[in-house]
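One chain, subunit A, links the two complexes that follow: it is found with subunit B in the first and with subunit C in the second.
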Partner chain A sequence: MLDQFTSMVAGFSLFWEYKAVMLPGLWYNFLVFFLVVVFGIVLGLAFSTIRLSTNIVLRAIGTFYTGLFRNAPEYVTLVWFFYVPALLLTKLLGANVTFEPLVVAVMALSLSSGAFYTEIFRAGILSVPKGHVEAARGMGMSRTLTLRRIILPQAVRQMLPEFFNECVSVFKGTTLVSLVMVPDLVYGVNLVSSYTGQALPLYTGIALIYFAIVFAMTTIAEKLSNPWRDKGN
Partner chain B sequence: MPIATSSDERNVVVKVVDLHKSFGKLEVLRGISLDVHQGDVLTLLGASGSGKTTLLRCINYLEQPTSGEIYIDGRPMGFRIDTNGERSNSSQKDINSLRMEIGMVFQQFNLWPHMTALENIIEAPQRVRKLPRAEVEGFAVELLEKVELLDKKDQYPARLSGGQQQRVAIARALAMQPKVMLFDEPTSSLDPELIGEVLGVMRSLAEEGTTMIVVTHEVGFAREVADRVVLLHNGLVEEEGSPKDVIENPKSERSKQFFSSILH
Partner chain C sequence: MFSIMETSWGRAMWNARDNLLDGLAITLQITGYGFVGALIIGLLLCLITMYVKPLHWPARFLINFFRATPIICQLMWVNYVWPPMFGWPNTLFEAGCVALAIQSAGYLAETFRAGIEGINRGHIEAGRSLGMSAQLIMRRIILPQAFHTMAPAIMNQFMVVIRSSTLVSIIGVSDLMHWGHHLSAEWFEPIGIMSTIAVFYIVVIWTLSSIFKWYSERLRNRYV
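Up next is the complex of A and B:
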């Protein structure tokens, strides 16, 4: 028992030994995380506006988007975008078409998280009571001024916890990119594990690493959102 | 007490002409006309569903009238007549600029919860009237003194009682120095012991000559403070006149029924 434990701890040194694979791998996780959060927020802002529009066609498009991507597992979305468009184009054009794995991964995960950001932003905006808007408009405040001064400050406060939750889940989701050949940390560990046969310390180690990162993120998120949340209560 | 008559030479602050408003098939206002002169306190009474609140919300264009005309201080609200006499909707900018002349107090207070009492009051004067912050803040402090809440100026609405919130809301509306104040059932969501403090503030505004249109169920307030009472029924003016005439000696059978139902 003790022997197993010491050998596992010793096995953790594999992360150091193979740092040439591991470190860039972790870097990929953060890169994908950053890009997906940025694109996801952009998509979320665009589609929440569309979802809140008075135009019925636009609203339908927004509902279709969120419905599709929120209800598809990220894994399936990722794999679909990796294989299907390339296959279709190859058939259509008769030439061998492939896409850069990183690009496909970021696109698929962004579309997926964008759908969640859309709903988070929309719910935040809708949480502001109509009367607060009427009080502002009734005093002659313009639509944009009302949005900026009355709606957004309240909506942002309301949506912060959900927003950070989604960011954390985007980070967790970045571990899926190894499935489409993006050399992230999981990919590196898979590689080293099959090379050295040391699955136990490697997968335990990676679990601990991701736990530490996500735990740190959650703690920071709480620290960031609490003072905001409390204002006015 | 000044009673508005057609020969009244004071400025007409709010003029409503043949106002109709429908929500889908439901016709809530069916042709209402009234004039409110400067310094008048007009109280709108009527059973729920009679159209009082809708009328008030049409005046500042929170509801768009189906037809009819509203003039604020002589300027048409929500429409304009071009040189050919054609009527068209006015721009959002024109609506905003007229709304600056109209203060509104809501049943649910509607203070902005992320701003302190003081910040609620200075927001619109500073950002809509674009007055210098120091001037706006000085006036806000005066207004808070008037509603006896200066000690609460840095409190957020959630820390204030309903009566205090409503008094801040009144100060917020007054801060724009509007030509007319609209009150939409300002005491209806207050606990009974808090109603008095809000009515007290409204009473002192009336005494200072503020032009007010008040939708209320407080018949006592109407009797003591109003210059004119208008009783609505089913989207039409059922009865109109001095509080004494309308409340104590209502002409129609329906008005008699209405007053006996709320007074007894």
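Up next is the complex of A and C:
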């Protein structure tokens, strides 16, 4: 076991040796992360407004969306989007439609994380006591002013920790894109591992790399959200 | 009338129904073993960080390591690194269970810690001054209260495990997802087959999560 351990540590140099595969791979992870967070927030804002609207049809659509994508495993969503839309469009239009794997991956992961963002935003807005809104309206504040001065400052403070948590799990989810042919870091490691046959250092190393990144992100997120949280109380 | 049985993918799936049901059973089994393993490892890690001083930092490192690594890395790590390093796990099924267990153990350890620390110190002191032993306090005062605060988070973690269990197919476990890939490659009908597999998963998971949601609402209404 000790022999294997020392040879494993020596094998970490493979990451440097094959940096031409590894670095662009890591870049893909961050690219997917950035795109998914942006689209996820947009979807989340849109659907949380829909879920909070007074129209019952809109509300049902919002509930269906969050129910569907919060319950569908991300991998299943990803694989479904990888196979089905392109083929379906090809069949319907009669033309040869293909999507870039990156587009498919971002689309599927955004829809998934959008459902989680929807719930986070909705919970944040609902956490503001009704009395505060009524008081503001009673003092003659307009709806937008109430939103800006009363609802948002309190809601944002409430949802910030959850929001950062979701961002971190989106980053962890970006590793799934390797399964639909996006050349991210996991994909690169799989390639190098089957080329060199050195599974031990490579898979341990990649776990440590992701651990370092995600742990740093979590720490920063806590540092960012704690002062905000305490400010209100 | 349109009937699924008249489509080629419908027939393909019907003919492979035994495999698909086996796959679903494996998915549920791996989730069950993984979750029970996670509860045990999580409780151990939590107790170590709280009561065993010299092992506090190693246990904290493990918790953070388990929490901060993506499940797909852990699956590959357990599957490719553990057997040559530690001589275990021997089968793909065991590797899948272990990976799911350690992933969730980190989260559950934190949940347990929050649940135990969240109990009013006065309750424990009251128990002690009434002459209860530490064990009795644990059983009668801490655990019943901690259970109510932790139950929703634990059930939530179960949903995470069952959703992550779809990924065990990447290390070669023949779960439902594996058969989905297999059949779509064999019949080249991914639209119907993959959609049906997705519906399978969504129905199972949505049902479970609705039950859990109902139960945690009930807990909250009854005791708060």
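Simple rule for what comes next: the second predicted complex is superposed on the first by the 229 of 233 C-alpha atoms of A that agree within 3 Å, B and C clash if a C-alpha of one lies under 4 Å from a C-alpha of the other, contacts with A are read in each partner's own complex, and residues count from 1 in each chain.
Everything below uses one rule, namely that a contact is a pair of C-beta atoms (placed from the backbone, for glycine too) under 8 Å apart; a residue touches a chain by one contact, two chains touch by 3 or more.
Worth saying up front: this structure is predicted, and the values here are computed from it rather than measured.
Novice: Given the superposition on subunit A, are subunit B and subunit C in a clash or a fit?
Specialist: Because the two structures are overlaid on the shared chain, the partners are seen to fit without clashing.
Novice: Using only C-alpha centres after the superposition, what angle do subunit B and subunit C make about subunit A, to the nearest 10 degrees?
Specialist: Taking subunit A as the apex, subunit B and subunit C sit 100 degrees apart.
Novice: Regarding the shared-chain residue A:Cys167, is it in contact with subunit B (first), subunit C (second), both, or neither?
Specialist: neither
Novice: Determine, under the contact definition given at the top, whether A:Leu87 touches first (subunit B), second (subunit C), both, or neither.
Specialist: second
Novice: Check the residue A:Leu109 against both partner chains and state whether it touches subunit B (first), subunit C (second), both, or neither.
Specialist: neither
Novice: In the overlay, answer first, second, both or neither for which of subunit B and subunit C A:Tyr203 touches.
Specialist: second
Novice: Given the touch rule stated above, what does A:Val182 touch, subunit B (first), subunit C (second), both, or neither?
Specialist: It touches nothing on subunit B or subunit C.
Novice: Looking at the overlay, what does A:Tyr75 touch: subunit B (first), subunit C (second), both, or neither?
Specialist: In the superposition, A:Tyr75 touches subunit C alone.
Novice: Which one hits more subunit A residues, subunit B or subunit C?
Specialist: C
Novice: Can A:Val192 be said to touch subunit B (first), subunit C (second), both, or neither?
Specialist: In the superposition, A:Val192 contacts neither subunit B nor subunit C.
Novice: If we overlay the two complexes on their shared chain A, which of subunit B and subunit C does A:Ala155 touch? Say first, second, both or neither.
Specialist: So A:Ala155 meets neither subunit B nor subunit C here.
Novice: Shortest C-alpha to C-alpha distance from subunit B to subunit C once the two structures are superposed, in angstrom?
Specialist: Nearest C-alpha pair, subunit B versus subunit C: 20 Å apart.
Novice: In the complex formed with subunit A, which residues of subunit C make contact?
Specialist: For subunit C paired with subunit A, touching residues are 64-65, 67-74, 76-77, 80-81, 84-86, 159, 162-167, 170, 177, 180-181, 184, 190-191, 194-195, 197-198, 201-202, 205-206, 209.
Novice: Tell me, which parts of subunit B touch subunit A in their complex?
Specialist: 60, 62, 92-93, 96-100, 102-104, 106, 108, 110-115, 123-124, 127-128, 156-158, 169, 172-173, 176
Novice: Would you mind writing out the residues of subunit A in touch with subunit B in their complex?
Specialist: Going by the criterion above, the answer is residues 129, 131-132, 134-143, 145, 149-150, 153-154, 157, 231-233.
Novice: Can you list the residues on subunit A that touch subunit C in the complex?
Specialist: Touching subunit C from subunit A are residues 1, 4-5, 8, 67-68, 70-77, 79-80, 83-84, 87-88, 91, 172-173, 175-176, 178-179, 186, 193, 199-200, 203-204, 206-207, 210-211, 214-215, 218.
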